[in-house]
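Chain IDs A, B and C follow the sequence of writing; residue 1 opens each chain.
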Amino acid sequence: MNRKYFLFVAICLWAVALVPWSGAEPISILGIGNPKSLSYRIFWELRIPRLLVTLSLGGILASIGSAYQSIFRNPLCEPYILGVSSAVLLGVVIAETFFHQKVGTPISFLFGLGLAMVLIFLLIVFTSSAKASSDRVILFGLGANFVLSAALFLLLSVQTQSVGGGTLKWFFGFLPWLEMTKSVLFFVSSLLFLSILIAFSRPIDALRLGDSVARTLGVSPTISRNAYLVFTSLVVATTVSVSGTIGFVGLVIPQVCRIVFRPASMRLLLAQSFFLGAVFLSVADGISRSILPPFEFPVGVITTLIGGPLFLITLWKKS
Amino acid sequence: MKLAKLGVQVRMSLVGLVFWAIGLAPYLAASESPRWVSTSPQLTELLFQLDLGDGLVGTTEQSFYPEAAKRIRRVGQLFDANLEAIVACSPSLVLWDSSSFHPMVDSRLVSLGIPTSKLSLDHVEDVLNTAHFLVQKYKAGKKTDDLIRAEIEWDELKKPKRHFSFLALAWGDPPIVFGKNTFLFSLIEAMGGKGVLPYFWNQNYLKVSEEWMMAQRPEMLVYLKHDEASATFMTQQCEKWWPKNKPRCVGISAEKFARASLTPLLLVSELQSVLGLEK
Amino acid sequence: MTAPGIRIKDLMIGFSRRSPFNNRAWELEIGKGELVGVIGPNGSGKTSFLRALMGDDTFLSGQILIDGEIGSVESWSSKKLSEVFSYLPQESSFDFLQETEAFLKLAFLPHLGLFGRFSNEEDSELASFAREFELSPYLKKRLQDLSSGERQRVFLGRALLQPSHVVLLDEPTNHLDPNVCEKTWMFLKNKKKKKTVLVATHDLAQVERHCDRVIVLSGNELLFSGTTTEYQSREIKRLVFPFIC
């Protein structure tokens, strides 16, 4: 078991190491050392930051997915289940429709995050009421998703989307090209986020046994759930504002972790999900940039196309 | 013995120098002549019309005019330029227009030290203003024949003439009407048309119902189709569709008359005859 | 206070005040260190009763006073609750491939809080409990790999391992074979020196044999609360379970 584990991790690391070498433009190994060459520029200023960003995003989404699946005791939970992502998307589309601000401008960012904050506030109000069990919270998220998606589709149906820089393509995941310092910061923040989640993971273990039992284990279900949901929703809102919605990672990576690694505690599950999510998203990004250069497939499409069959194969082999 | 060693050293240094030069080459090349990347086909065409096309090292797909543009390296899909491909051209300037502008790619280019410039080709006037700007800045005011002719045609158009109400449409089902800020709309308005639009919506491409269109009773319906052949076919077809109101219904070729460069101005008289307007 | 008594006054059970489950308020007392069997037909309110005792969502109004503690249970914080109560629900949810040992360690959660580490003391306590309760062979196995009976014993073990004073068990002998069932009841009988235990159950024979007190519920009403001898003499069983007598 241990040997297979290390082999698997080694393969993952090797795959991640290959990612910065793939993309629209072939680069040379020699060029990397030479600050004046094009290869240097592309490798160090574009691809490595992009790799850091995808590692962070994949890790964040997968760990939030595993946290939600445990908190709500529902294997179908994923980071976008509370409707925060729909709120951000709606805000961005509103900015584009009424204020002609394309995705990526500060106003568009503000609208997206602003609407997400409104939703998180409503979520807090709802979960603070005494009757908010975990099932009810999921239903709230479902309802919010319906309402927001309806408003979204209404706006999209009325206006024809501008291509390319338009919002519609961004919906399926658009990974940003950040500067090196920003991406390092982002990566470090994601690791910090993971450590906070792991540090506070004991209450999740208790919540998994049910609200009544959790209470007898000293964990107040409403307070802990609220705290987790608000914290993770803020992080989800930020990631969606940065990169649009990337599906599949938060839903399936935790399941794969459970089936393949069978972690003994919540801490291990969080750490493993983070690792696997990071690897998966960066590899998917590498593939999305290599199929038909210079066209970049939206990364959310690639994650689903590759992840879907992979997941089914894992299920089949392990059953 | 010493000489032989020296020989080896010299050879090694030469090899090192060659590799260094290979790495250095793009940088050196970049500092000599202008290397521009245009992110939209109309911009590319305009640049060629202003005799600035030689400096182009990259453009997006669908850049078919003029012929020379087909040979320029592609850096992305239509209105969807790829950052890495742009950077790979080692450009000295990247040009956007409002339909291709991508804020995220733009800010990253600027942070990489590549200057960008956002130009506007929304209206006919915009095109002329942009042309003047470019010619002033990069050609020391030397206008090309195309530009001079386009200006003449534009002056002609500005003279008073008979007005007619019109609707400009594309992509038959559901009908999409061109709004105020589109090139085609501004072109036909310049020819004396008064565009009919739903007053409450300020979008560029408006979906409307056939009912609403008929209720507006425009004097002219202009259908934009991709090329000559389908435009002619359209003209024949839509006469059958509008028997009662009988607006003048015309199909026009987008290839010829809707490219936001100097081309439509150069073909204005042809457009006027297609639309049945007196000179 | 170890093995405290419980006094219940004017207890109304239900989810909303407008429609409580019971028509008449309940009033009863449970003595120190008693092993109490709560019996009744399906749907008679056993689970609701146990949950109301903890101040959970089925508690509507009334007072539940624990010897040696201040205030009625519904006003307690989770921390206080965890010091006094431990609860085993009827259906235990687990969707996780956890190891038995890790699962049992959750019983120490209230003392550890968020960041505390497991000490050697707790490890040895767990080991000796596992030996007593015959869970040692399962410690390193995953919950997923156990049979439902073995798993039920692990869940029960978690509730018993918790250092609490009142233990509320809702049908703990589900899935257990008759041997193990009897052994479990004997184990509970031994535990009662340190804890007051309430068991909602269908094991009528074991209740008569091992329990000190019997509470009989029917149709969400309290039919009887008294010692086992009283219960047997008054032939309440015939009223509530006519088919088996």
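Some points to look at:
The rule we apply is simple: a contact is a pair of C-beta atoms (placed from the backbone, for glycine too) under 8 Å apart; a residue touches a chain by one contact, two chains touch by 3 or more.
Here the structure is a predicted model, which means the values were calculated and not measured.
Set against the C-alpha centre of chain C, every other chain centre is closer than that of B.
Closest chain to the protein centre (all Cα atoms averaged), using per-chain Cα means: A.
More C-beta pairs touch across one of A-C and A-B than the other; that pair is A-B. Here the spacing of chain B and chain C, counted between their Cα centres, is 77 Å. Each chain gets a centre from the mean of its Cα atoms; for chain A and chain C, those two points are 41 Å apart.
For this pair, chain A with chain B, the centres built from the Cα atoms lie 37 Å apart. Of all residues in chain A, only 23-25, 30-31, 34, 36-42, 45-47, 97, 102-105, 108, 157-160, 162-165, 169, 174, 176-179, 289, 293-296 touch chain B in the complex they form. Touching chain C in their complex are the following residues of chain A: 69-70, 73, 75, 130-131, 199-200, 202-203, 205-206, 208-210, 212-213, 215-220, 258, 262-265.
Of all the residues in chain B, the ones that touch chain A in their complex are 19-20, 22-24, 26-27, 74-85, 87-88, 90, 99-105, 107-108, 111-112, 176, 201, 203-205, 207. The part of chain C that touches chain A in the complex is made up of residues 51, 54, 56-57, 77-79, 81-82, 85-89, 92-99, 102, 106-107, 109-110, 112-115, 142, 162, 164.
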